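Two complexes, one shared chain (chain A), two partners (chain B, chain C).
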Partner chain A sequence: MSTSQRETNVSSITVLAALCLLAAGGYLIVPHLILGAPTEPTMGFVQRIFYFHVPSAWLAMMGALTAGVASAIYLYRGSERADEIAVSAAELAVIFGLCAIVTGPLWARKAWGVYWQWDVRLTSTALLWIIFIAYLFARKYGGPGSKRLAAGLAVFGAADVPMIYISVSIWRTIHPKTTVVPTLDPGMRPAFWLSMLTFMFMFFVLLGMRRRLERLRARYDALYLEAQDAGLIDD
Partner chain B sequence: MSRRTVSGLLMMFGVCGVLAASPVLADEVPDRPAAPAAPAAATKAPDVPTAAKYAAPGAVKPDAEGFVPDSRPANMNTVDESIPAAPLVATAYGFIWLAVLGFVLVTLQRTRRLEQEIADLSERINNPSGKPAGKASRA
Partner chain C sequence: MSFVGQVALLLWKDIRVEARAGELIYATGLFASIVVLLFSFSFLGGSPPTVEVMAGVLWVALALSGMLGISRSFERERESDTLRAILLSPTPRAALYLSKLLSMALLMLIVVVVVLPGLLLLFGMRVDGGEAWLRLFALLGLGIIGFSSVAALFGAALGRARVREILLPLLVYPLVVPVLLAGARGTYAVLYGTPEALVDASRWIKFLLAFDALSVTCGLWLFEPLCGHE
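Let's look at the complex of A and B:
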């Protein structure tokens, strides 16, 4: 086994160990805390969706912001490393955005009586999700120059994040306001913050995994060109 | 990721899903206070929503413009208290873990395939056969 293969195996094992720890924490500890948290008097048991809906939404926004900032750095400096981070964070923004968009309506069906309402926060979150799906499509099918085009789209999408956050404070909206978390019942705080920590750990592990894939892709492209120059590959 | 690891993760997910959907944890609607008497009709324009029409018992009073922040708009139906909450919570929780697990599996699969292609290409570069090897796939 070569040194690079050994390093790859160690890296894979480390990632797998981190994922297993995460799964253990997620599956064993957090649900127990969520089920043991006090029941919200108005909404009842369905309010427990809050403990993973809010972290999903926050991580979707964090992914979008990360992708936007990294894309801006890529556009300004041409940094390939920033581009790797951007595309990895954009995929996570889509995944966690989907989680927020699915869990929210499930909660809303019981709490509001409808699955969806064209409320400012819901609409702007859906818009963010669509923008980053467009980013991924542009990366995949945009052809030459698609990296820069998609980076511009990511910067545009990241500008939606502060809009989502302050929308409930500026406009009349049925969505709960941002004051809910700071004023959370003390009995609910351990479950919420541990859930938030678990989700954040998951975000960084997944970001690392996805970024590693991008680095491998860059290495493959370099090797391919080298093989082509050496006449080993017909184009 | 080995089949055993995937099975273990799915089993843990299933256990948690069953616990969440257990009848023991079925939704219990807390006793609500008696509904207040309907307030006097608003003197505002007829198209402004009023608390009399939408307010749940004990809801926030309308502001000077007749707006009740927590009231439901006209196109919303009254909440059906008979909707069980446990399946909704279990579905939401399960969806998140399925989405994350799916992302992990797809990423690991793509990574493994790319590592194999890198190994093949490195082998070809380090041990050239002297003949063009034909087309190689671009990842």
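Let's look at the complex of A and C:
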């Protein structure tokens, strides 16, 4: 490894460590802010799921968009770096999507009386989640050429994100509209925005770490093949 | 040769291959009729199925049988390496994609020819008036194009991937959920038949039109990077 590469590595690890500390600090403070925030009169205590549900859903969409854009770059420029980012972001879209899909029905059971409604916002979010599960499946079990195939899927998946966002404005739906956050009660804002920021720090920490892992895995594979060619290890 | 001429020539090639082999037409048609029969058996004895059920059966049968035919069609190309041969020729990728899209759409049209009379006969489905029929055909036509646009892209891009027979439906079905949803909701509105319901059906036709425009554009854009490495 060259000196400049080592320096880049050290600086990226420092950034990751700093983000990790910020996220950890956020996770210590945010629960107190959430408990201190005013209770919503109609839904009561259960409305506090909002502070987890909305950031998870936003980051799932951000993960999907990142994976889609990075996949398009990988498809057109063949950049391995873009592919590393795409697979990392796709995994995060699945993880944060799962958080949104679990917290949503828990909240819905109390607010709407049912766990699930075939409402356009819910359907398109579930669809996004399934698309990225299929992406990960294709990469893991698809064999040769599956990276490109999965990248194509991610581009289509990213096209679903604007649809999720605008769905509540176009169709009649029982899911709250996009105007909820801008018109939030001032007492709820610090808890919400700090929660959002903490989740975002966590997103970037995980993205950075997962990307690093993917790069190390690729290097390990290349070294293994080199060693095999040199006859240092058995086939 | 003009672009349209190339598309037509490639499509004619697919039609001639199928006319000689006959494999896909019979297998897909037979499978579609079995699917409709299975659905009709599962609703035997009870009260007559509602229009929601009929609309769902139509689109699920279309999706299942269409996928079977499309999957087999690409497998045949792979066995004889014909797709690779065309990719090696200087044919524009867009012409190849559009010809595949159209041949898949023709295959799905066969499914419609089997499934629709099956529903009219076995489920007592009724479509009242020319306007309703027109809307139903528009929904089916646009739905088939939307489905084929995604299936043609990923079917051709599968290449030498492992678990192809599982991978294709796994990649295509999540992406065509909007088509199935719009198709089923639109068909329900057509079968319901009131003037308000027909207006609703027109809305779903517009939705399918927008989906088709988006997916064909994405398909044309992605075909080269996805299949160029075959």
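Following the convention adopted for this analysis, the second predicted complex is superposed on the first by the 210 of 235 C-alpha atoms of A that agree within 3 Å, B and C clash if a C-alpha of one lies under 4 Å from a C-alpha of the other, contacts with A are read in each partner's own complex, and residues count from 1 in each chain.
Here, contacts are C-beta pairs under 8 Å (C-beta built on N, C-alpha and C of every residue); 3 or more make two chains touch, one makes a residue touch a chain.
For clarity, every value in this text was computed on a predicted model and none was experimentally measured.
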Combined model on chain A where chain B meets chain C, clash or fit:
fit
Tell me which partner A:197 touches in the superposition: chain B (first), chain C (second), both or neither.
neither
Partner chain in contact with A:31 - chain B first, chain C second, else both or neither:
first
Which of the two partners, first being chain B and second being chain C, lies in contact with A:234: first, second, both, or neither?
first
Contacts for A:209 in the overlay, against chain B (first) and chain C (second): which applies, first, second, both or neither?
first
Just chain B (first), just chain C (second), both, or neither: which does A:17 touch?
neither
Does chain B (first) or chain C (second) touch A:142, or do both, or does neither?
second
Touching partner for A:130 - first (chain B), second (chain C), both, neither
second
When both complexes are superposed, which of chain B and chain C contacts more residues belonging to chain A?
B
For the superposed model, what is the least distance in angstrom between any CA atom of chain B and any CA atom of chain C?
10
What part of chain A is shared between its chain B contacts and its chain C contacts?
none
Could you pull out which chain C residues touch chain A in their complex?
150, 153-154, 157-163, 167, 170-171, 174-175, 177-178, 181, 214-215, 218, 222, 225-226, 229-230
Chain A residues touching chain B in their complex are 5, 8, 16, 19-20, 23, 26-28, 31, 35, 39, 41-42, 44-46, 48-49, 52-53, 56, 91, 95, 98-99, 102-103, 106-107, 109-114, 117, 172, 174, 202, 206, 209-210, 212-213, 216-217, 219-221, 223-224, 226-227, 230-235
Quick check on the complex: what are the chain A residues that touch chain C?
75-76, 123, 127, 130-131, 134, 137-138, 141-146, 148-149, 151-153, 155-156, 159
Chain B residues within the chain A interface of the complex:
1, 5, 9, 12-13, 15-16, 19-20, 25-30, 67, 69-70, 72-73, 75-80, 83, 85-86, 88-89, 91-93, 95-97, 99-100, 103-104, 107-108, 110-111, 114-115, 117-119, 121-122, 124-125, 128, 132-136, 138-139
